[in-house]
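All chains are identified by letter, namely A, B, C and D, in their written order; residue positions are counted from 1 within each chain.
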Amino acid sequence: MVKVGVVGYGVIGQRLADGVALQKDMELVGIADVAPTLSVKALKEKGMPYDFYNANPDNQQLLEEAGIPVSGTFEELVQKADIILDSTVPGVGAKNKEIYQKYGKKAIYQGGEKNSIADVFFHGYANYEEGLGKDFLKLTSCNTTGLIRAIDCLDREYGIEKVAITIIRRVADPGDYHRGLTNALQIEEAPNHQAVDLMTIMPHVNATGILVHTPVTHGHIITVVATPKKKINKAQVLDAFAKHDRIRIVKIKDGFNGNASLFRYARELGNPRGDMYEIALWDESIVESGDDIMFAINIPQEAVTIPETMDAIRAAMEMDTDKKTALSKTNDYLGLGKWKK
Amino acid sequence: MVKVGVVGYGVIGQRLADGVALQKDMELVGIADVAPTLSVKALKEKGMPYDFYNANPDNQQLLEEAGIPVSGTFEELVQKADIILDSTVPGVGAKNKEIYQKYGKKAIYQGGEKNSIADVFFHGYANYEEGLGKDFLKLTSCNTTGLIRAIDCLDREYGIEKVAITIIRRVADPGDYHRGLTNALQIEEAPNHQAVDLMTIMPHVNATGILVHTPVTHGHIITVVATPKKKINKAQVLDAFAKHDRIRIVKIKDGFNGNASLFRYARELGNPRGDMYEIALWDESIVESGDDIMFAINIPQEAVTIPETMDAIRAAMEMDTDKKTALSKTNDYLGLGKWKK
Amino acid sequence: MVKVGVVGYGVIGQRLADGVALQKDMELVGIADVAPTLSVKALKEKGMPYDFYNANPDNQQLLEEAGIPVSGTFEELVQKADIILDSTVPGVGAKNKEIYQKYGKKAIYQGGEKNSIADVFFHGYANYEEGLGKDFLKLTSCNTTGLIRAIDCLDREYGIEKVAITIIRRVADPGDYHRGLTNALQIEEAPNHQAVDLMTIMPHVNATGILVHTPVTHGHIITVVATPKKKINKAQVLDAFAKHDRIRIVKIKDGFNGNASLFRYARELGNPRGDMYEIALWDESIVESGDDIMFAINIPQEAVTIPETMDAIRAAMEMDTDKKTALSKTNDYLGLGKWKK
Amino acid sequence: MVKVGVVGYGVIGQRLADGVALQKDMELVGIADVAPTLSVKALKEKGMPYDFYNANPDNQQLLEEAGIPVSGTFEELVQKADIILDSTVPGVGAKNKEIYQKYGKKAIYQGGEKNSIADVFFHGYANYEEGLGKDFLKLTSCNTTGLIRAIDCLDREYGIEKVAITIIRRVADPGDYHRGLTNALQIEEAPNHQAVDLMTIMPHVNATGILVHTPVTHGHIITVVATPKKKINKAQVLDAFAKHDRIRIVKIKDGFNGNASLFRYARELGNPRGDMYEIALWDESIVESGDDIMFAINIPQEAVTIPETMDAIRAAMEMDTDKKTALSKTNDYLGLGKWKK
């Protein structure tokens, strides 16, 4: 049983903890945060299914006043774990790295941290082998993780030369009050970082794109114009995606009208928090553009990186040196691919 | 075990079914709907925890194509049940009533139906006794249900003469594509129906108010200016609400910044769908206005009527003739009030 | 002086009327509508700069009660005009056509009408000659009009083979209460009609694309992946667009962060209603994707079709048989291209 | 002719400049800002109707590169003016005050500045006399200005003892990218500052209230529960408001569905930027609550304080020592009340 600690119990951290708790060959030794946030209060109201470690000694009293049982300090959590999932706010991870190194522990960072913090920029499907035995891995961001799933899937099946993507980005998560847009689309300087990051993981693909923020909270939509090595048609795209355990094919005609339908569906499935690990591909979005193929996918930003982070633990800890086995375990434990059966 | 059927498996129907399934003295005999909607597809993906009955023979083939196991017809469900929770779209309930009457079954309607459909307009806390043994009950709408919880609570403790309310209404539910507002507040002719409905249930209170729709999905906020029989202060308001199992007192300083914080908190609690049965009162919203008291509450529109509907089953079926016992059972089975312990 | 009547005084109709009033070789003989709408009330408050004709005899009394001076009937307006701009709601135009034919008058329809209503599907820059002397013309919709401006501009300069577009569509106009989306992106079946329409006007270009509705009101954003006949770079794109009087090149670094910045800028320019006739191209959005070029444009949906409709009058009435002269007059009278000087 | 300078050419500053330019007994000597913002660029595109003064020497080159003609420095503008309207971002005004004092010039601040900066907290209708001859005046904020118009109007006619208000606040202006909310209502600690400020200006009225931010941009809506000295009815409320030149009475049944309808109407009136100086009262919102009266008003946040600021110039410069004369001139020059005639 690999012992895993989660540092930073926010939007991503909570979901990482739940993901680890589902892996039968891992043990969640605890989570750490700096204050009695709403997420920590919710943990308490649930009866502390996970042990809490305090990462900010100055807030010990605040935590006590809030009635949060504290199992120890951040450093004590690090000592108990074999590997840390660091999902703190960008910038903090670099400081934490010193502690991980002090105790000789591995760590996996999320997409918000700088690439330089890690030995390798990782994606379970696209470059699993690169992560084997590494000490510090960094996941791709939510958009990039989902995007690579789709591009890598087509690339392995048919070969992809280049992609031009448009990211229609949700600007905040449900419940965010520290950021937001009101009645405005916001464009960023091109190319967007997701295209650049994709090329870091898949250097044989030429990628570029434009990102536009939109005032919604339930998932990004990405349109992709992909140039395959030789022309492929809609049926071939569907074939490739249908085999992928982390991609759902959905239809507008069934009621999947957009990102909010997928969020509602995940809630109705009874998924904790209404989360969805899978990206979705809209069947009716697939069109041919000359020799290119165009389609649209949905990225559930809050949970999409959880499976690839589980893969990363497997790679870093060399739990499974065979990629296929590793991905398959992650998928089984998270229930991915089950919906097809 | 009282046998309950749920007709109409939409936003409310799903939550009613889950609520009934949690009542240890009730049995959910099945749910009915007219088509393989996304909600029905989600039910199937979950492995059909509830039996499905087809309320539209014309769609039998569509349902089969979607792979939905059909346990029988709508009328067969009615026959198996002792009482029906009708959460169909407004207007359909009247037609269904003929079927319920044909088989001598009781039914409980949600707030969207006309008052004339029912023998009594019902609220668990405010007029439980009125529902005892009745055949057809109609619940108050989501806003009115939550509002009455708060007003009735203060009224029983201190006596309330009149209320002037402002409803800041969420305009759609998450995932709705058939309605919505974009960058607009919409005002309705005053007084709003919630104030009028409140007076139907609590005829000794004078109520009026203004309703404004806002482009959000996670909960209504109502401000109340209440005139008590004799002046009360903030501490007294908090005292009364603190005893109520269906009202949470929350603080802005803890991070409960608005309706979206409550939705996020409910998700993080692990509540199915991120639902919350309780209304919330903001501690920092309570102010005195001369001899009046003013405060703001949050109404989680998707799930707020579930507890009162469970109460309604108890009343209609005379499972508990004592109100206190009835409410207490509903609360226990739904886990209400547990957070205080 | 060509005499022009405007039928349907809504979002588009008002702007058409203003546009005609600015053309020194046209005379606005009046506008017609069916009721004392807010737009008609605003016209009255402004002192009736345009004569109003009543298109619904049943509402004569309503109009009088609202104090709207009525100059005659719809048919009287048709008789006084040489050509009608029909901007009624989709479907009404077909019925009106019988009246136009009865009096031997030409008419120009907006993009919402069916193509079959018109002799030609028209765009000032892309197929001016097709409209010469025709009786019934139909403009392209707002998105298509702006998109064709951009594609035609590049096509004439460098040759364009195909385009794959992503339309990030504003879902409602400011002040709309009859439609809207709340916290949701909505995807439509591909290819979108704008791509199909583009091919009707520019049959030598292969076009396809995906459309996603977003909950904003101030302008669509379209990303274009264009395949030129031979590779072009960013500077060449900027060169071509810089010469176009109906395209503005804007920069994020100057504060043009998105569609809402352009709306604010147009308001601050003092343009009536804060309207803008020009589409905008974001300088920093232009990127190369292999041999393709990718960029993003903004479409101010309320006013963008006005210039091309003025062109259409010139073509239909054969006021200018030479395209360059015609476009130049429209541009001069509307003040287009002035900002460069 | 009183010489007026405007310092800070943002959302409010632009409108102040336009307002001054319309006063026949004032002269706008120029405006000052610190950089070639979009608003300054729009001024240039309009042909520099107002002289620009540079308030940040470090940006002289940036301004030149942007082609903005600079007429002098901030201090030179102060010297040329008799009085300054300071609409800089909060905090800057205090520093600027030293310059105004150095040259012995009066200044008027907007609502964002601290009260301590000014000799008097001013509202044209409610306390004109307090401003007479003062050196430093501070206007109330947009919500408070509009709210006081309504309360003062009723108070003078019937006497008002107390008010309990609910502010449904627009969270950003059109074009704002530095702030926003997405799918969230946000509540603030009560009482809101507007109620407190109202009591500063109208100390004989007891005021309190709750403020909720909403994700829209076109105007705040305030509901008011007012306790008059003796009971008044709807007709009396309408009578009082109908006489006020800065209040419009509007009806939902005419199409004034909410804040966005009022914005659209102002655009359609041809008002520059689609601005509206008047607050609006919804006829159908007026209801009696026992002896209280309840109603809803709309506050067009961008322009509502302009008339009262013009009043403030008149008071500070003692242009009109008689309040009625002063208000009447402001109203005439801004065209207020004209719509009734």
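Everything below uses one rule, namely that a residue touches a chain if its C-beta (ideal position, glycine included) is under 8 Å from a C-beta of that chain, and two chains touch if they have at least 3 such contacts.
This is a predicted model, so every value here is computed, not measured.
With every chain reduced to the mean of its CA atoms, the largest distance from chain C is reached by B. Counting C-beta pairs in contact across A-C and across A-B shows that the higher total falls to A-C. Distance between chain centres (mean CA atoms), chain A to chain D: 47 Å.
The geometric centre of chain A is 42 Å away from that of chain C, both derived from CA atoms.
For the pair chain A and chain B, the distance between mean C-alpha positions equals 35 Å. The set of chain D residues touching two or more other chains comprises 174-177, 182-184, 186, 215-218, 257-258, 260. Residue ranges on chain B touching chain D, taken from their complex, read 161-164, 166, 168, 170, 183-191, 206, 208-210, 212-219, 221, 223, 225, 227, 252, 257-261, 282, 284-290, 292, 294-296. Only residues 14, 37-39, 41-43, 45-46, 173-177, 182-183, 218, 254-258, 260-261, 263-265, 267-270, 272-274, 339 of chain B touch chain A when the two sit together in their complex. Every residue of chain A that touches chain D in the complex is listed here, in rising order: 171-172, 174-177, 179-184, 186, 215-217.
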